[in-house]
Amino acid sequence: MQRFLMSHLLLGLLTLLLISPAFAQQRITWWEHSNPPHNNYSKDLVAEWNKKNPKTPVQYDFFAMTPYFQKLTAALSTRSAADMFTLIDFLLPGFTAKKVLAPIRPEWLGYKDLEDMKKAYIPGALDGYIHEGKLYAIPPIASGFSLFINRKHFKEAGLDPDKDYPRTWEDVGRIGKKLVKMRGSRMVREGFDFAMHSSTWTMWYFNTTIRQYGGEVLDASGKKCTANSEAGVKAMNVRARIAHHYKASDPTVSFGTNALPADDIPKGRVSMFITHAGSVAQFGPKMMKDLKVVPFPQVDPKNPVTPIYGFALAVNPHISEAKQKIVHSVLKHVVNDSKTWYERTSYPHPDKNFLNLPGMEEARTKRYLGVFVKDISNGRFLQRSDKILELNQAIHRAMERVVLKKEDSKKSLDTACKEIDAALAKK
Amino acid sequence: MDREIGVGRTSPSMVRRSASLLWRWGAGGGKSSLHSHLRWAGFFFVLPALIHLVIFKFYPMLQAFRLSFFRYDLMSPPVFTGLENYKLLWENPLFHQSFWVSVKYMFGVSIPEWFFALGLALLLNRRMPGRAVIRLAYFFPIAMSQIVVAMVWKFMYHPFGLVNTILETFGIGRINWLSMEESALPALIAIGIWRGIPLFGVIYLAGLQAIPKEYHEAAVIDGAGVFQRFFYVTIPLLLPTIMFVMVLSLLSAVKVFLNPLVMTEGGPNGTTRVLPYFIYETGFAFFRMGEAAAASMVLFVFLFGLTLIQLRLLRRGGVE
Amino acid sequence: MSRKTMLRLGGALISVLTVGGVIVMLLPYFWMVSSSIKTGIEVFDLPIKWIPDEIQWVNYPNALTKGAFGVYFYNSFVVAFAVMAGNLVFCTLAGYGLAKFRFPHRELCFRLILSTLMLPLEIVLVPTFLVVRELGLVNTYGGLIAPLAVDAFGVFLMRQSIRDIPDSLIEAARMDGCSEFGIFWRIILPNCKPALGALALLAFRDNWDQFLWPFIVATTDDLKTFPLGLAQMEGIDSAAYHEIMALAVLGMIPAAFIFLFFQRAFVRGITLTGLKE
Amino acid sequence: MGEVLLEDLTKDFGEVVAVKEVNLMIHDGEFVVLLGPSGCGKTTTLRMIAGLEEITSGRILLDERVLNDVHPRDRDIAMVFQNYALYPHMSVYKNMAFGLKMRKVAKDEIDRKVKSAAGILGIETLLGRYPGKLSGGQRQRVALGRAIVRDPRVFLFDEPLSNLDAKLRVQTRVELLKLHQHLAATSIYVTHDQVEAMTMGDRIVVMHEGVIQQVGPPMEVYQNPANQFVAGFIGSPSMNFLPATVRFEAGRTFLEGAGFRIPLPAERASGLQGREGGEVVFGIRPEDMRLGSEGEIEGAVEIIEPVGSDIFLDLNVGGASLTARVESSVRMSQGEHVRLHADPARVHAFDPETGETLV
């Protein structure tokens, strides 16, 4: 019996040993989603900070993209989140409603107030992060979408890439049709396609198109779905027409390309595709020689609306005010150098003077930064709603039904609105 | 000041209380004879595992059960709402869809597994040249980790991926597996089967090898043919294994999560949104933990019922 | 057709099916290895070239520098081994207690343990995380390991296999003067080695593989496991597939090695009928 | 010393009473056999003595010390199991040494004892082998050896020969007896084989349905069974039982039935007093009859079984079956009618209700 008890005691001790917590450290923690160029630059920024501020070192960690926000949620809910973390713009309403973000203090960043701070940024660039008059995150990125076209394919089809590129969605369909390449009954090259790998991308396009038609996904109160309005049906028809009327795309392809929406362009499997400034770096200069970037297609090019999004840095409200202040200094350090930021990550920085910085001339012309920044300045963030992910998915499903199963746009959007209204009604 | 939010705390006193409860429970008759000592011993052997499960399984499970009656967005304090979550689920067509997707996936994966795995085991139980190598080849997917499986198969199902290349060489057109409502779930099911066969094949093989040779020899002498031997000797003697495989394959199939997460995000049009994914999404993306908890209670009850039925069959099959 | 030709035809058919099956089972591996030695652009080239013109061994070292993969591998090892050890110890103890002793509510105990098999992790994630936080285990090895250290399936497996050990062995040892724990250690453990092997293999594989739990618990790079490292190779909309595949190949080696090592024990270990004398 | 006393020993498994108020004194150095059909409670009794089974009520004493709450390892008792219970993962040497090792006996002492026991049993050459590689007989010896090295006060044997083939069984039986004489330790031996019981036991304890039926030296139990159960259980082929009626005629007592009418000597008839015309069971062992033209029993030969030394005849006596042993020289043919003479000193009669021995 004695030995029996002894062995249990030993096991217990072993367990205790295993579960003894790691040495707690007084340092600032920063979490970010994985995105290799981004992560590498962040690491360097942190190293630089730590060298200058050995007393308040930053511990930087990044996590796989797919469940990153779920991790963040679980951590915030259990008060074990980092002191500062990167957040995507459209999750902000959900997080502020739950009071898990600390307001950003412009005065700690060297601005007089929020209005003063806004002046330093591209117009509207902070809008996505403001809730009830307070700023909740600082964006080091302002990213939008523009149209990439393949010069070679254009020339093959007898088109001039510098003149004949599409301005409107109808152009996209019309020109896309000419660029399609068939083998038998199978499309081996699409004229144009939307990325369809995730509901968020779907919403970016749909939300933008419905706005181009003068509509919105939700009404002003944010409590009712208006996606099945006339504008919504027209917006949905844009997608349906490109696939079914012009037969410029094979939507199932970009579905299957999930997590890799921009892969088909360099492979030459699609002639026109919408993606963001970071892709220029991903494709590389050799590939970019064959490509050209033009503005995001519109319904009416005179009243342009484009989608924008951004990742921004937020502060954990559960930490002391003194620590929040230090975090603000870190934030300032991180967003300080917009030129290097762009060079390292290929994402435009929302600094007002960004394009006029010395040395940006080349990027503006050779890397189409001018096109991107122009699109960004016309940009609007996604519909603000704390139920945004459900909205995205309802619209995504509606779009799947329309594009893949040729369901009537109105009918499909009615279903989506029913789902959205049900979600919005929930507390 | 840290205000306590969330689901509650495990206080040390609670642990102590439950431990003392277990203590008295295990003591049984309380006689100090050898045999109550033995009873103690038996209980003591189970105790570490039990304590672990109480802390890391039952307690969270109870919390989940409790949460299913609350509205809880993970960040604000939970609000008691009675059966509201269950009502919401009942009214939510997406939940119904998910439930049936899960049922389809579960049986879609496990039923072929039962047969293919048995076939594989029978095959590998034969004497043939290079058997060791062939066995290894078949069992190898056991060693591949889930996340790698998901990534590799995602590329294999790519419109220009390996699967379509093979189909095209056979003159069958390209199928965009993960983007068609008709094919996305079957595509995931195929992966489930591919990964499940080896494990269950091994279990069957072990069962086959445990059948004493004499039974087969007796059957041969009795004039039984290959098929008769299979149905009158192999199957009845393998019954415990078969039942075990049935239960285990269903339970493991229904828990699939990583593949839909990595490969389809539940799409297209929700056709691969299995229940665990629904639960995860509702809880962590839509911030409705209470509803997610209610959904998991439904799943739990469903699985429990299913297992009970199987265990009943198992007992009828003459297995203790 | 004579019986002999039928038999021969049947044999040939089985051989063809066998080889076909082997190819189907292994194809993903070939593809994985092949992709790992291509350039990023070549991965999706059509028609598939199994062996690229220029083999890119450099993908391997390149991929390994994309994260602290040495640390991730090490962590995966630590976690997988610790969980494996925990399972071997606790599940076997519990399996023995349930198989060979009578104590009040034993069956209830067993059923309760089995019922935990019916819980998907996703739902108990937050409550479990709360427990782990209460214990001060967030971002520790303990937090990665402790919640997984006992698995009901392991208890079940060990109970089944220990039940087949004759009672008389235990009684003989008891008369020989062995303590109860001594019986477990000296008699039971050596006689359920195959089942232990099977349990070890499964536990190692499953925990080498853990994704969601470590993802939630590990908050610093030095505690990330291999699957987390692999998953974070994917950016928002880009991924270096050739390098991911190279890592996938490397990540398979430990599990494959353990598999080769335990394969035989594995087949013998999952017997649900009698212990052969 | 090794004197075992069982006092009102009772064991129930819930509803079922396996052993009922067993009282038994086993003397030091005695070889006692517990005999009975399977399920009679003999193994349960043995296991209670070993300490493997909980005692419901009653006491077990060894040399006046109450064993009830003593752990098996502290009882100074060794047991040979039916399936030998050799540890499959230990060599023969380790199997034999295990009990001593557990008792922290010094290494060289263990070595000496194991070697000596192996010498007694003639298994020195097997010490390095594993149980899986041994024949049945060898395993049996190792199991014995494991008990011997312990040098216990009491040996328990649980049907130790039942897994051996017939020839080996006979041989081992003899060796076990020799061993018992050599060691002179108290032995309690459980078997359902009455030949083993007869040949080995100093005393036999016949059990049935948890109750001791009779205790006594083998020949006494054989010749004077306490009841019909014991009479029928001991002896092979077993005693013949035929229904009969008691008749008193001219001061003589007869057992009368279809095909027989047997006179009983007056000194043996006292048990039948007051049963005139009553039903009893007439019992006679096959060897207690001989052929004779004026025999009291008449029957037709149905089966002839020559076993070498003798011939067993299966007769039809008034519709009932009766076995008789005759000399091997006798020539018979099937269907033949014969007469048998019963040895009056060996005739038994039992109460048909209680089974109690009347004559």
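Should a chain be cited, it is by its letter among A, B, C and D, assigned in written order, with residues numbered from 1 in that chain.
The working rule: a residue touches a chain if its C-beta (ideal position, glycine included) is under 8 Å from a C-beta of that chain, and two chains touch if they have at least 3 such contacts.
Source: prediction; values computed, not measured.
When the partners of chain B are compared with those of chain D, the chains appearing in both lists are C. Greatest centre-to-centre distance from chain B is found for D, with centres as Cα means. More C-beta pairs touch across the B-C interface than across any other pair of chains. A separation of 36 Å divides the Cα centre of chain A from that of chain C.
For this pair, chain A with chain D, the centres built from the Cα atoms lie 89 Å apart.
For this pair, chain C with chain D, the centres built from the Cα atoms lie 55 Å apart. With touch defined as above, residues shared between interfaces to two or more other chains in chain D number as follows: 51, 71-72.
Multi-chain contact residues of chain C (touching two or more other chains): 44, 89, 125-126, 130, 146, 180, 182, 212, 231. Across the assembly, chain A contributes 1, 4, 11, 66-67, 70, 74, 77-79, 259, 267 as residues in contact with two or more other chains.
Taken in their complex, chain D has these residues touching chain C: 50-52, 71-75, 77-79, 81-85, 87-89, 98-99, 102-103, 132, 146, 150.
Note for the complex: chain A touches chain C at residues 1, 3-4, 7, 11, 15, 18-22, 29, 31, 33-38, 59, 61-67, 70-71, 74-75, 77-80, 82, 195, 259-263, 266-267, 275-276, 278-279, 282.
Interface residues of chain B, counted against chain A in their complex, comprise 2, 5-6, 37, 41, 44, 47-48, 71, 73-76, 88, 91-94, 154, 157-160, 173-174, 176-181, 261-265, 267-270, 280-281, 284-288, 291. Within the complex, the chain C residues that touch chain A are 41, 44, 66, 82, 89, 125-126, 129-130, 133, 135-143, 145-146, 179-182, 185, 212, 215-216, 219-221, 228, 231-240.
Within the complex, the chain C residues that touch chain D are 166, 168-169, 171-178, 182, 186-187, 190-191, 277.
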